[in-house]
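Paired with chain B in one complex and with chain C in the other, chain A is shared by the two complexes that follow.
Here is the complex of A and B:
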């Protein structure tokens, strides 16, 4: 609460924030209560239509469910792969652990759309992999793209999500594991726990902050994003992100705004959870 | 009482070509309070860690109750450790910290609760079970660390400079309490410190170490009164060390004067190091004294004065109850049994 002390220095920032964040947000809220032709406010009329659709339309529910299912699966896979990687790197004797971490981050420097398009290509029917597999009689395995389970689980989308967001799981977990005082592990062994017990009774509980941060950092973009489902999903599978995208594309700004608000609330809730678990924000690097 | 509990036989440990613990051998009896004493970096912690099972000796054997335990991991040794920086589990409260070892041993719940409460009483922190570890003071954390170790009733308790982080008053209290605890519980304590006073106060046996080598093993009085070499004499309290010659049986000469002495076992004419503790030098009238000097400084130390007296360009430290003025001439006298002779090291 030192804003007052900074006085006029914060003014540009406040103006900037209100024009580029506050105003649009307010605009979104207003839009949800209107029925307008795109942003033509002259002909807009007051209406609860968007809110009614939100609670009655099955598509919204299916989209939320699909986003949730794929987001959760991607998050679990990221955790299952990411925790061991973070653990191994944190406990390795490599002189420069940072280099190994950078290796996991480097792919993030290339555009994720490009990467996911590449993945889409590999997973499709006309890929090298499918060529090879079908030539040795394994044509029932590939392509993965287009496979959708009843639950809404799309392996291709999950692969894209995992490959894109894995570093966000590894980094916060690595950060907390690295900070654990080695003498705590020795104390645990001194008091009769073998290595496995020590992991579950000391190491893992002490890394829970990093795990929470990692889960939220992977789940949120997986849940709300639209690019990856759009590139890797099959056309029939609707996600909350793609739904918003299509509403805006169809100039239905009212409903698009409302869906965006819903996601925003979910994100705020999750952030509140992070700050509750990790008050000092240590895991956020 | 004096049953051999643990023995180190020719134990050596090397890190990157540096021999940190060099072929040391010693044994520790049941119920003994033994202290590893030496300057920082001399290998005390490494020795302790090998006993605890956190490091493996490169060669030599660690024998517990007649069995070689070199390969036994820490969680299978009947030994507990009080770590230097406590190493309390931050995610557990005081009760769960102390119960940690008992839960591993599958002790029934009811018994755990009782033993934890007993341990807390023993360290004078009853009803602290529900507290968070992070909210305790350094001294309290120290006590919890001790409670967490002794609640398991180990055969041996290892303590690595457990009081180093506490202030003087608290440290002295804890020294006394630890000694009491050890007597009451009948646990063998292996204690590490670089503080000679602490070692002298608490130990049954002191092992003086330097550069990974054992310099001397003995009782506090034995080591104080009969240091084996210059290093031990200097490290254990203050002392005046002089070069001398063993003239003949029971006569030694130093500072150009012959003195009666009681130490034997030297050849006639052999060079010796002479040790005289500051409190063993008496001030007398310069007239007729064997050693005459001039006071060069005087510091009040609370109970006594610490005087520096220059005799033949050599500085003597003397502890005395009567003050002398700087510049005053004084005579020095020492009783024959206060003169301690040591072999000269090459």
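Here is the complex of A and C:
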């Protein structure tokens, strides 16, 4: 096949990417060094204000911490719940595994804001669950909406994140588990490993690509989102996404861009991690 | 191949058909739950047009959408301070009052007239505030509360804004109060400064419309005086009603909206009273007033149609139907009378209007001050302060 000929086909894609991704990114970098009214560059001044605030503002640090803590806890819970589900489905004898997977995705067909508002209602003091619990004397474990611990951990927000992003953990893990050659497992058994040892020595290492993808696909939106913490965190739990939202809302594009770049750096870091684990990049497909 | 030809033919024909039936479109940017959709359909039928409504949840979001012009809106309904700001920055066009057959300045309620008089005071170019925006609804801010906690009404009436901003003495109630704060930084800032003036922490009745570092620090200190159970906007009224909050700083219209929803199926005044006996509203002696006005952005494409839309909602009968759904205070005297006297047969709303004198009578019992616009940089600084308060 003529590689050079194919190379020309990449051109439109390159133009597309540089105009719609490269240029805006460059714009964001420029904006961080300016003091401007939104995108009005005519009156903009050169300024390091955004960078100064980034390193001096306590709110930014707290927001980053809150995002990290809740994002990581949600990711761990998603893994703990998602891996067994993917494993069971992949190894089951169901004739139509697709249906089981579709069942996990069905909740995603409804609007996520609507679902999270519903969760907020259920987790409130006045809710069906709390009524039942208080009738049997267990009202001290409820309500959990708005509860935020010193570390920034909010159980309600984590519940919302897990329910929203769980399918993103299950699907990639399922895909890799499904692809594993069963004869490898048989070989392991033949050579004297029991089921548990086979799982840890063969199955799990082979599924690590799916796990990495799952972790990144759950962690990134959990980390950078702002809607779920706003709804379930009683409005007072500040995430890094909340700050970006508020800055852009008040037309401070300079600091907003800088915060967005911080998130981008974190995302690129994660991507680098993926490619280190998976050089062919097939887990992302 | 035949199928493909057929498919192409069908799509071409359907495109052509769409083009034939395409009506002029009026793009409206509005708040959520802020218009009677039946009236919109009525307007569509009467004028043979299509009205496309988009929603925004804050004045700042509306500002952004107007300035970005991704959609060229013909009608937007922001509040007073944003109208002033957008006008000063040249994003609005003036309204041709001669095109409005239902317009008559004397038809607006007195309290509103006062607010309109305060608009554009610093701008001699605007001689008539009605040429910039036509009032849609108006109202004041207050404290909505849930009566399940005995004595809460008296407590709020005695303490006014302090009920919101100060932690109550521990022995006052059997448990700590759960208080909601309005999650718009400008409202929290301005209300906290009204409180500061009430408490003689400062001596400046105009503090709510002043931005300074001193006031910013003061506001931060005040907002840190208590922990708020919830920072939200539209959720506050629902949580007060459900008993998840004891009280919250809300638009009075939020209360009326809840009242109308609760009494939707009530047929007698007795029934309405029972259904709403657990909620109440209190307006402090000094409070923030607002009006939302219909404006036509500079970029609007359908200016004539926009005028017709404004005119449509200035018809007292239409305004009556609209206020029955929205719950905020009507701007027209004639409509207010219709509600109060129940001349249209709506006894429930007439009871509401007489039980809660903030609706829709003139401002006589309290001082109501509209907010004036702050610059973007100041608003952004206040927002950063609020975020710092939240994360504290």
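The working rule: the second predicted complex is superposed on the first by the 258 of 285 C-alpha atoms of A that agree within 3 Å, B and C clash if a C-alpha of one lies under 4 Å from a C-alpha of the other, contacts with A are read in each partner's own complex, and residues count from 1 in each chain.
In this section, a residue touches a chain if its C-beta (ideal position, glycine included) is under 8 Å from a C-beta of that chain, and two chains touch if they have at least 3 such contacts.
Here the structure is a predicted model, which means the values were calculated and not measured.
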| item | value |
| --- | --- |
| Chain A as common anchor, with chain B and chain C clashing or fitting | fit |
| Chain B versus chain C, judged by how many residues of chain A each one touches | C |
| Partner chain in contact with A:234 - chain B first, chain C second, else both or neither | second |
| Chain B, chain C and vertex chain A (Cα centres) - angle in steps of 10° | 150 |
| Touching partner for A:247 - first (chain B), second (chain C), both, neither | second |
| Touching partner for A:52 - first (chain B), second (chain C), both, neither | neither |
| Contacts of A:188 with chain B and chain C, given as first, second, both or neither | first |
| Contacts of A:202 with chain B and chain C, given as first, second, both or neither | first |
| Minimum C-alpha separation between chain B and chain C after superposing on chain A, in Å | 45 |
| Contacts on chain A seen with chain B and repeated with chain C across the two complexes | none |
| Interfacial residue positions of chain C with respect to chain A in the complex | 58, 60-61, 63-64, 67, 183, 185, 228-232, 235, 239, 242-244, 376-377, 379-380, 383-384, 387-388, 390-391 |
| Partner chain B, residues of chain A touching it in the complex | 181, 183-184, 186-194, 197, 201-202, 205-206 |
| Residues on chain B engaged by chain A in the complex (per definition of touch) | 52-54, 73-75, 79-81, 83, 85, 87-91, 100-101, 104-105, 148-149, 152 |
| For the chain A and chain C complex, residues of the former touching the latter | 37-38, 57-59, 62-63, 66, 120, 124-126, 143, 146, 234-238, 242-243, 246-252 |
